[in-house]
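Both of the next two complexes hold chain A, though its partner changes from chain B to chain C.
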Partner chain A sequence: MSAKTVERISAIAALIILLAAWIAGGVRSKGATLERIGNISEEIVDVRQVGPSVYEGHRRGDAGDKLCIAVAEHPGYGGPVQVAVVMNSAGIIERIALVDTTDTTTYVSRVLDAAVLDAFLGTSASRPPKVDAVTGATLSSTAMIKAANKAAAHIKGTVGESGPVAVSPDEMVKAGLTVALFLAAFLISSRFFRWNKTYARLGLLTAATVILGFLYGTQPSLASLALLLAGFWTKGLASYTALICLVLAFVVFFATKKNLYCAMICPFGGLQEGLGRITKRSPPERTAWMKWISRGFALTALSAALYFRNPSDAEYTPFGMAFSFIGSTAIFALTVLILVASLVVKRPWCALLCPATPVFDYLAFMRNWLTRGRKKEKQS
Partner chain B sequence: MFPGTTMLNYIFWMVMGALQVLIVMGLVEWLKSRGRKPVWWQVALLYAGFAFLCAVVAGGTTLMGEFETIAGWYFIGVLGLPVVICLAIAVRLFVMKKPTQG
Partner chain C sequence: MTFKKVFSLAIFIAFVGLCGFELTNQIRESAERDLASVRYVRGIASETDAPAQGQAPSGATPKKNQDFNLDDILKETDLDG
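Our next item is the complex of A and B:
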């Protein structure tokens, strides 16, 4: 079997695996809300839905003591954040719980550790408490607070139509800068650019590293791709910058047949390249086992993200840790290792483990395969 | 550092001092053998870099000794990385430049 045939079979198999994960994830998540509500407390039994987003149960051992449960969601950083509120017959909130979220675990833990939701306990739906957002997790905490308020309003029956979530001016600026970076990359790679392309590329890469990396901490990752494929963006997001960056990277790739994002914009790539320039390292030769390892990692993580419907849980990239110190201890160790390795080898993460490389390889392979088929048809 | 003993503390620090001299002066002699003659401020910089690396490891292991293992590793990672980068810059400036003649 030739290498080409193996690649073609693998490409189709990858597509089938992703589709299967997406379908299985959908089946898995159906009925999950009711199960999660039941898990809020062992005291609540016989939960049944009585209205849109409103459920009713009673306290264990006392069928007359009705408890009203409402579930509401609000767009967070990586998708909708779902909160459940349990109210007793006196209209007091007895319990509140985070039911579902796709935001990064570190941000969610930060918000939960700050006891943001606990401020709602003991309050009534008619007098919701004023809760401040958590510094360093503003979008996630704001989403939880608004979801809790919505849930309380559901029980009270006063929830209005939920219109589109307004994007803040900061996010508009971020999105605008992202578009500007891609326009600059497009211009530099075009034949109309008459100046030194090497220095221009390095300048753009430095600017992108500072702006997207250190300043805004917004870089598309595998979680962004999972967010795009799973469709969470249709329910509204607090920040579209990473998604816009990803979509533009694909658009530019198909328009120019070049991966301009990795070469000119990727902040982590810029960081690695900057360190590599200190010691003037050359890039490693990308052998077959390196390609298949990165492809395997990317496919496994993406499938898990689609199955569990939680993009951030399958995240193994060190981007968040390198620029915002967000991630687990294992990701921290990986980040330090990659940055030290950047002094020895040029762009080690890109060569060995980055999911962007196999994704763009896949798109290029499928494009070449399909367009070659069309060319043969035209010739015959 | 060594509870229950009298001499080990002194011996430990004497050994540490001797090791530092051996490592830094050994590095200087190695550079000379490769035709590069570092001047006094370059030697001082190399020693400062090495001392800072020792301090980072000492700080991290102290945290580990206080049962804060994860904090210790974060300490070494966060502070050690800039030290390694600075040492790489020093190697680039002193070692990778063209050798001096004579």
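Our next item is the complex of A and C:
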């Protein structure tokens, strides 16, 4: 069997696996809300829906002791954050639960450790407390607080179906700068650019590293791709920058047949290249089996994220740690290793295990395969 | 084998080990959360009924608080977050 045939079979198999994970994840999450409410506490029984986002049950062993449960969601960093509040017959919130979230686990843990949701306990649903966001996890904590407030408002009956969430002016600026960076990359790669392309590329890479990396700490990753494919963006996001960056990277890739994102915009790539420039080293040697392992990693992570409907499952990259110091101990060790290795070989992460490489490889392979088929049809 | 080949192999193995560990952890946590359905529960009646993160809610059922005093709760509740 030729290498080409193996590549084609693998490309189709990858597509089938992703599709199966997406469908299975959709089936799994159907009717999950009622099941999750039942799991908030074993003392809440006979739960039934009585209105949009509002459920009613009673305490186990006391049918007269009614409990009102409301569920609401608000866009977090990685998609909707769903919170449920349980109000007793006295009108007091006696339980609160984080029912579902697709935000990165580290951010969620930081908010929960700060006991943000606990502040709602014991308060009246008609007068929810004013709670401040948690520094370092602002988007996740704000989403939880707003979802809890919405749930309380659902019980009061003062909230209808939630409408679109307004994007903050800061996010608009971020999105604008991202578009500007891609326009600059497009211009530099074009034949109309008459100045030194090497220096222009390095200049743009430096600007992108400072703006997207150090200033905003936002970078598209496999989690952004999972977010895009799972469709969470349709329910609103607190920040669209990473998603816009990803979509623009794909658009530019199909328009120019060049991966301009990795070459000129990727902040983590810029960080590695900056370190590599000190020692002026060449890229590491990547063998064919390393390429396949890298592809296997990306496919496994993306399938898991689609099945569990949780984009953060696909996050094994060091981007968050490098610019925002967010991530596990393993990711911290990985980041340090990459930065040290960048002094010995050029862009080690990009060349060896970055998920962007298999994703763009896949897109290039499919594009070439499909366009070659069309060309043959036209010729015949 | 040149130094670059050995070095590339060594860092690749280290990357795979660390990323594999991270990915396995993420998937295991998601599977556990999936079984538990709810990620975090807190109740005013008893803190013991709140499951640890990623675990199913425990079977403990808090008793109904008959002499409920909102002032006492507000004293212990940090309203400023």
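Miscellaneous remarks
By definition in this document, the second predicted complex is superposed on the first by the 377 of 380 C-alpha atoms of A that agree within 3 Å, B and C clash if a C-alpha of one lies under 4 Å from a C-alpha of the other, contacts with A are read in each partner's own complex, and residues count from 1 in each chain.
In this section, contacts are C-beta pairs under 8 Å (C-beta built on N, C-alpha and C of every residue); 3 or more make two chains touch, one makes a residue touch a chain.
What you see is a predicted model; the values in this text were computed from it and never measured.
Between chain B and chain C, C contacts the larger number of chain A residues.
In the superposition on chain A, A:278 makes contact with chain B only, not with chain C. When the two structures are aligned on the shared chain, A:308 is found in touch with chain C, with no touch to chain B.
Shared-chain residue A:62: touches chain C; no touch with chain B. When the shared chain is aligned, chain B and chain C each come close enough to touch A:333.
Legend: residue contacts after superposition of the two complexes on their common chain; A:343 is shown touching chain B, with no touch to chain C. Taken together, the two structures place residues 333 of chain A in contact with chain B in one case and with chain C in the other.
On the chain C side of its complex with chain A, the touching residues are 4-5, 7-8, 11-12, 14-16, 18-23, 25-27, 29-31, 33-34, 36-45, 49, 53, 56-57, 59, 61-62, 64-65, 68, 70, 73-74, 77-81. Residues 70, 73-74, 77, 80-81, 84-85, 88-89, 91-92, 96 of chain B touch chain A in their complex.
Considering their complex, residues 28, 32, 35-36, 39-43, 59-60, 62, 65, 86, 90, 92-101, 105, 108-109, 112, 114-119, 121-124, 129-134, 145, 282, 284-286, 290, 293, 297, 300-301, 304, 308, 310, 312-313, 315-316, 328, 330-331, 333-334, 337-338, 341, 344-345, 348-349, 352-353 of chain A touch chain C.
Looking at the complex, you find that chain A touches chain B at residues 275, 278-280, 329, 332-333, 336, 339-340, 343.
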